[in-house]
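What follows is chain A paired twice: with chain B in the first complex and chain C in the second.
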Partner chain A sequence: MPNTFELIASVTVPSGGQAAIDFTSIPNTYTDLCLQLSLRNSRSGQVIQEGLITFNGSTSGYSERILRGSGSAAISSSGSGANFSLNGFPAGSSTASTFGSANLYIPNYAGSSNKSASAEFITENNATEAYAYMNALLWSNTAAITSISISAGATYTWVQHSTAYLYGVKNA
Partner chain B sequence: MPNPTRIEINCETGVESIIELTDAEVAELTYQAELAAEKKAEEDAKAEADAVAKAALLDRLGITADEAKLLLA
Partner chain C sequence: MPAGSTYTPIATTTLGSAQSQVDFSSITASYTDLVLVMNTKGSTTNYPFLQLNGATGTSYSTTTLTGSGTTATSVRQTNTANPYLSSDAANTTDFVFNAILHFQNYSNTTTFKTVLIRANSASTGTGATVLLYRSTAAIDTITLKLNTGTYAIGSTFTLYGIASA
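So, the complex of A and B:
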């Protein structure tokens, strides 16, 4: 049986921006989740800015390994903390009206083991400085994922026209 | 001044809500955003240090970056 993607829910940020986009009451009827993001952060004076992702409102158990290419250098790093920090969405100093694209894939999100995920995302900027990221993510928690929050940081917002699409994948 | 808001969508009902962040949420997210900014600064510093070290090594070897690529190809 072929894999199937079904749109669970989508959000387009309205005028004025929003500090976070939250998907709640995610059904457990799929095998995997796929989150497609097109976001721009309101922070001025920065080319890129992070998106903070948490599951189920939890603020512990997140760890990640990161590959980053800037066009002139590539680095790897790792970290852990209270969220997944996806540090590559265009912000105030990026070319106006550009948005970063991100894809977050979460296999076995409703299972009873720790939750791994992968993320890939690129900035968009009509200038020399731009980035591509690949992240391997682990949430050390055995609970089924029922909610996902994508925060811009409380002082900043996801600007109007930013979008988030959450898909369920069956038969993966 | 009111706190920033978040947009929440209930995946079962499809209902969208705009909800004001609590003071505790604002404080936590502000703190986490600062941590993330520090991480980005560390990544930038590492990238710059690696680039400087690479240039110094090429200089010591007396070859260009393109010649180094040839050697490693």
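So, the complex of A and C:
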């Protein structure tokens, strides 16, 4: 049987943190991409903080629809702009040693149509404020995705022990 | 997500012409679970629904948690012949729609079958749906239909098998 779910690259954030996690030179030999994240933001005084995702270094064409549950209510919102805002991941005021998990699936990442993606992610926290998210993502750009950046935003960093794994999925 | 050498493509389709439905038939029973990934556009704004083993009767039900971008709701379908992947995520006239469908234990002949669905359209909504097919038959055919119109040229559908060993 062919192995069609392959690790392309991974990052484990070292001591001192890292402002962004970047995957570059992504080959076009797969059909889909799957990104698995375990992240915690350094921002102090905040329970959650967004992660900003961009493709190919582009700062335009991103839009999303968001469904968020807080444990007591569900809301939906939308956004567009210079990146995908996955808001959020645990930050400085969240329970220590708690990291947020995210799964992004990007079908036809090397195709010639606009790029849609699916995302689920969660923040957990041994306190009232915690969330679960589902996002529909669209990058209105026909270029093949060759790089992915996951930024902690502004002057913040992903803390030590944060991880990111990028997998390629082949349909043949 | 599944990993390793057990994530195996069974069949894939890229539409060379517009189609009102896409079929995966003669699905082997040799896997434990199935995953179907679709990335599509429509001839008009339409809504995909699922048909299993060609069953056209009202043997399906769904529960959906969905967000339109302004409103979060939960929707139920019972005794329906047209179990929709989502009530908000529409297959619009650009490549904005994607869905990932998980069929657990699809080939057993003892239990009714459930399908876990994530459907996305950044233009209209996102959400998750659980679908029940009230049949103990092994799933050997999966059909993706539409309430109206067609899937456009270039739409892609891939079915993967996941083996537990």
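Throughout what follows, the second predicted complex is superposed on the first by the 167 of 172 C-alpha atoms of A that agree within 3 Å, B and C clash if a C-alpha of one lies under 4 Å from a C-alpha of the other, contacts with A are read in each partner's own complex, and residues count from 1 in each chain.
Everything below uses one rule, namely that contacts are C-beta pairs under 8 Å (C-beta built on N, C-alpha and C of every residue); 3 or more make two chains touch, one makes a residue touch a chain.
In this text, all values refer to a predicted model and were calculated from it rather than measured experimentally.
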Superposed partners chain B and chain C on chain A - clash or fit: fit
After lining up the shared chain so the two structures overlap, which partner does A:122 touch, if you call chain B first and chain C second: first, second, both or neither? neither
Using the touch definition from the top, say if A:32 reaches chain B (first), chain C (second), both or neither. second
Check whether A:157 is in contact with chain B, with chain C, with both or with neither, and answer first, second, both or neither. first
Looking at the overlay, what does A:4 touch: chain B (first), chain C (second), both, or neither? second
One more residue to check, A:75. First (chain B), second (chain C), both or neither? both
Given the touch rule stated above, what does A:166 touch, chain B (first), chain C (second), both, or neither? first
Quick one: is A:132 in contact with chain B, with chain C, with both, or with neither? Answer first, second, both or neither. neither
Following superposition on chain A: angle at chain A, chain B versus chain C, Cα, nearest 10°: 100
Contacts of A:144 with chain B and chain C, given as first, second, both or neither: neither
Considering only C-alpha atoms, give the closest distance between chain B and chain C in the superposition, rounded to the nearest Å. 10
Hey, what residues of chain A end up touching chain B and chain C alike? 66, 68, 75, 77
Contact set on chain A toward chain B in their complex: 8-11, 13-14, 18-27, 48-50, 52, 59, 66, 68, 70, 72-73, 75, 77, 79, 81-83, 85, 87, 149, 151, 153-157, 166
Spell out the part of chain C that touches chain A in their complex, as residue ranges. 1-9, 12, 37-39, 41, 65-72, 88-89, 94-100, 118, 120-128, 154, 156, 158, 160, 163
Residues of chain A touching chain C in the complex: 1-5, 31-32, 34, 36, 63-69, 74-78, 103, 105, 107-108, 111, 113-118, 120, 134-138, 167, 169-172
Per the contact definition, I'd like the list of chain B residues that touch chain A in the complex. 3-14, 16, 18, 21, 25-30, 32-33, 35-37, 39-40, 42-43, 46-47, 50-51
